[in-house]
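Same chain, two partners: subunit A is paired with subunit B first, then with subunit C.
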Partner chain A sequence: MSTSLKLETQILDNKVEVKVSGQIDEDATFEKILNIKQEVYIFDLEGVSLINSCGVREWINFLEKLPEDADITYKNVPQIVVEQINMVQGFVRPGARITSFYAPYYNEEKDEVVKVLLQSDEVANGKAPSKSEDGTDLEFDAIEAQYFNFLKQQG
Partner chain B sequence: MKIYINAPEFSDINLKRGQFVNTPEEADYRIYDHSTWDLAKNPDKDILLSSVDDEINILEHLNKVHSHHLIGKSSNIATEVERTLSILDQGDHWDPSKGFPSPISSHEVLLSSSKEIKNSIDEVLSNFDFSDQFNEQKDIIRLLANELLVNAFYHQLGEDQDRSSEIILETPVPLQLARNESSVLLRVEDTNGGFPYEKMLASLSRGFRDKTPRQDTEGAGLGLYFVFKMTNQLILNLKENGTEIICMFDLNKRYKEYMKRVSSLHYYTGK
Partner chain C sequence: MEKYHILDTLFEAIAIVDKKAKIVYSNHFFSTLFKASPRVIRKLETVFELFESHTPFPKDLFEKSLQGGDYVSEEIDLMSTEGDSPCHVVVKTTKLEDGNVLISFNDISIEKKLYDKYRLQLEELKKSHAQIVQADKLATIGELSAGISHEISNPLTIATGSMEILEEVLDSDMENKDEVVRTCIADVVESHARINSIILNMKSFLHSQTEEDEREYCDLEKVILDSIKFVTPSYNDHKVLLKSTFDEKDLVGLVNKVKIEQVIVNLLSNALDALVDAKVDSPEVQVEVSKDRDSNILKIRIKDNGPGVPDENKEQIFNAFFTTKDVGEGTGLGLAIASKIIEAHQGSLMIEDTDQGASFLIQLPFIEILSYTQNEMLQRARDVQDEDTLKVMVLDNEVQVLNILNKICADEGIVFMGSVNGLDALKILEDLSVDLIITDYLMPQMDGSEFSKRARELGVKSPILYMSAASNQDAFQRDKEKFNIAGMILKPFTKEEVIKAIYGALGIERNG
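Our next item is the complex of A and B:
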């Protein structure tokens, strides 16, 4: 995976979907997206490998430059980004939504932790949904109250 | 070495060295826990054992008494306490050869330019075996190595340098990643003249209190907060010209176990 930040955009009608990959750090620039004026912004964070502390600031400042009434959605949020959203304020702008994210599950048979893509609406009352892999039930491998805390930040 | 312990929550801790005394006045070092920390007075002598949140440990406990040693609850807390007391008794720094015995593997690179940060981290990570750790560990170490190296390069001579400029150093910065049977060690050493305890505590406190990046400085002021929050033990060795920073992670296959950690903080001045 390349470490430099890469932004791939796809525009359809009134929305733009941005595939974000690589590192979001002090070198990150988002002019490319700011130049696209749309009503709906969908950020696919699947390929993000790192957001450092300066990258968090760049991202928050970037969000502030998007139109106030923009409809913002995050999807495929990696586990490391979930951890960081849980540690900072402002990474998810008020009104924004997180539709899907990765969460750790333990496969006892294989004795390994796997990352499972969850839809946010699968998390009811702060409880992790049941998952299985090749017929084996998986055990949610985090502390629900901590891990799902970031969902409270969304609008 | 005379030790006074008033830590009811850790009454089962079994320390094998030291002479135990009945009053704090007699002791060289005093060990308290969350429930008795109000009795602590001396940052050089008082050690906190804690099972409570990192945020409470920093914002309440260490801001009350600026102790150099906070030890988070873990399965090997007795070993950590004994090691801390031993180093303090000898007026030493934390030495990887004693605190991190029998490394199975160790990879070290030396960086002279800030432009080498990303590739050096990738190089060290690609040479490291993560097969017996939860899969998120690699991403966590990538982030922490990045924060420590960025600080090492951009805080030269106490100045917060422009992050877009290339910084070239005469003395290279080492980045080391090693593991033994029970832990992973991440080490970075800078030549920034030393990171004063008060500045370190202020930085951590700001992170926990505000949880937002600073806008008035080149750095965002969240790096050390991330590093402390995501490590089992954060160890700082204050040296003549700079600071050696070591992050220790308990070897773990389960992310859930990692999430239960209470981070330790050690600040050694070698005096």
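Our next item is the complex of A and C:
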């Protein structure tokens, strides 16, 4: 297993919540999760610091081994993972949902980019929801058509 | 820039810049790769500003493309001012019809990372393997040292005894004094030579690290007899009979002599240990060497009349660290290493089912196949395309000649296929085609004329060159028309003569 990939699991009732942190790359293995047979899987990707195309492939291979009828949800998906999901089909398998994810917003007053956690249902018609910070309106700092493309993938 | 939007569908970072290098359009992947939002890109005066000064954009490509044409950079690292790690990319610039320049970035960061990582791991593996091999050699030496010390003590005893006799004879008035003195001196010299030979064998066994991958055409009978010589003292010590049979002459292998010796010594030592432990009556080990022409394989079988290997151990016996010996007596690495060595020679080492005793079988492909595949692999490693490579078969019963010609061909990037036997060579030619055949004229089993006749009957169209002393020029003149012999290489030859003859026969003008 990738030395820098950490998987923390919390099993409750028929549900397992997996906190994924560190790097998802060519050394990533998810055997630890595969051994847990549950009906509901929630992946919290907040702590993912890097994901490359080899890591995406490992993730897709892992998803294929999960039960077909497993209920899969992703939350707190960081920008780097959103970018990969937008490029590669299969990262979110049919039927899976992304409930929340981070999006870049620009604070002109402070001249800095902030990552704002959005709920998927806040994005309507591919448009970024308005956000503000300390009374200052934030400007969405990516291309909407591209960034929210992944929302079309989920069932 | 609506007209460029089709580029948003590509998974390659693309920017289109005007004559002043200002970005007029960039696709989605450009933003993703360099972590630059459209806001950041809009503010840039030139595309160059996006990259840190210590990893600059190759401006010269852009400038050249302004004049027209496509240009490609080498692999470079570009560090975006917005990113946190450099991207390893190849940059390509192309002038568009509207006067703008399209810049594409092929991101090969992952390939580079994997290449560096696996190269490092491979080197570590090679280092560990070398250490294991060395450790096994030391262990084997330890196991053999008792026998060797016994072997050294014998000539030492003879030498010491002879010296004592010499001392006595010098003070005496015996009649045949001179004769006795000469005999004593001869015994001392011979004893020292024996000791020296034992030490040299030991050194060659231990210090073979630098020759790990060097293979050459060797007389396998000699290699096996040398290995037998190495273990003979231990066999004699335990009164175990060691016999060897060779089905035919010219048993030549393309091998690393020291490594094959290591394998044979290991198998012979294991057989001895098994026989001694089991206290077998009339213990005996046989080494049989034969050729299987149906499958183009040379077989070396080492069998004993001991208790054999239990079925449950047969599958594990070639695994590293598996041993049936007592703690401290065996490393469990010998057979694992022996197996790897034979595999590296494109062969196999296996244990056979027998009614009595253990039988280990080493199978090595005929030298024609082995030399061909080895050279092919070498060419592939050099990234030479198959169709560009010349393939030459050389037939000569002297291994030294094959080794010299192999070296000459390797230097020229020619795939070399060596053979010591006309029959084997013809068999291979039934399945494999070569561009040229060089054959020694005088060979024990089949001379050059007979070989050429049979090759032509087989339908071999490749040019044939004879190789022999000037005294055999008549044969060349006679066969020139008859068997379409392209020319003759006179022995002794120089490298230049051989190369000229090869290219001349093929009608190829040589570069350089």
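Quick note on the criterion: the second predicted complex is superposed on the first by the 152 of 155 C-alpha atoms of A that agree within 3 Å, B and C clash if a C-alpha of one lies under 4 Å from a C-alpha of the other, contacts with A are read in each partner's own complex, and residues count from 1 in each chain.
The rule is short, and it goes like this: a residue touches a chain if its C-beta (ideal position, glycine included) is under 8 Å from a C-beta of that chain, and two chains touch if they have at least 3 such contacts.
What you see is a predicted model, and the numbers here were worked out from it, not measured in a lab.
J.: Do subunit B and subunit C fit side by side on subunit A after the overlay, or clash?
T.: With subunit A as the common anchor, subunit B and subunit C collide in the superposed model.
J.: Is A:Q89 contacted by the first partner subunit B, the second partner subunit C, both or neither?
T.: first
J.: What is the contact status of A:E26 with respect to subunit B (first) and subunit C (second): first, second, both, or neither?
T.: In the superposition, A:E26 contacts both subunit B and subunit C.
J.: Give one of first, second, both or neither to describe whether A:R57 is in contact with subunit B, with subunit C, with both, or with none.
T.: In the superposed model, A:R57 contacts subunit B only, not subunit C.
J.: So, A:I143: does it touch subunit B (first), subunit C (second), both, or neither?
T.: In the superposition, A:I143 touches subunit B and subunit C alike.
J.: Now for A:V113: first (subunit B), second (subunit C), both, or neither, which partner does it touch?
T.: A:V113 contacts both subunit B and subunit C.
J.: Tell me which of subunit B and subunit C touches more residues of subunit A.
T.: Residues of subunit A touched, subunit B against subunit C: more for B.
J.: Answer with first, second, both or neither: which of subunit B and subunit C does A:I98 touch in the superposed model?
T.: Touch partners of A:I98: none, neither subunit B nor subunit C.
J.: Following superposition on the C-alpha atoms of chain A, which segment of subunit C from the set 109-117, 127-135, 199-207 or 343-351 overlaps subunit B?
T.: 109-117
J.: Please report the subunit A residues shared by its interface with subunit B and its interface with subunit C.
T.: 26, 52-54, 83, 87, 104, 106, 113, 141-143, 146
J.: For the complex, which residues does subunit C have touching subunit A?
T.: Residue list for subunit C touching subunit A: 8, 11, 28-29, 31-32, 37-39, 109-110, 113-114.
J.: Mind listing the subunit B positions that touch subunit A in their complex?
T.: 118-119, 122, 134-136, 139-140, 142-143, 146-147, 150, 163-164, 210-215, 219-223, 225-226, 229-230, 253-256, 259-260
J.: Can you name the residues of subunit A that touch subunit C in the complex?
T.: Where subunit A meets subunit C, its residues are 26, 52-54, 83, 87, 104, 106, 113, 139, 141-143, 146.
J.: Under the touch definition given earlier, write down the residues of subunit A that touch subunit B in their complex.
T.: 3-4, 23, 25-27, 49-54, 56-57, 60-61, 78-80, 83-84, 87-90, 104, 106, 111-115, 141-143, 146-147
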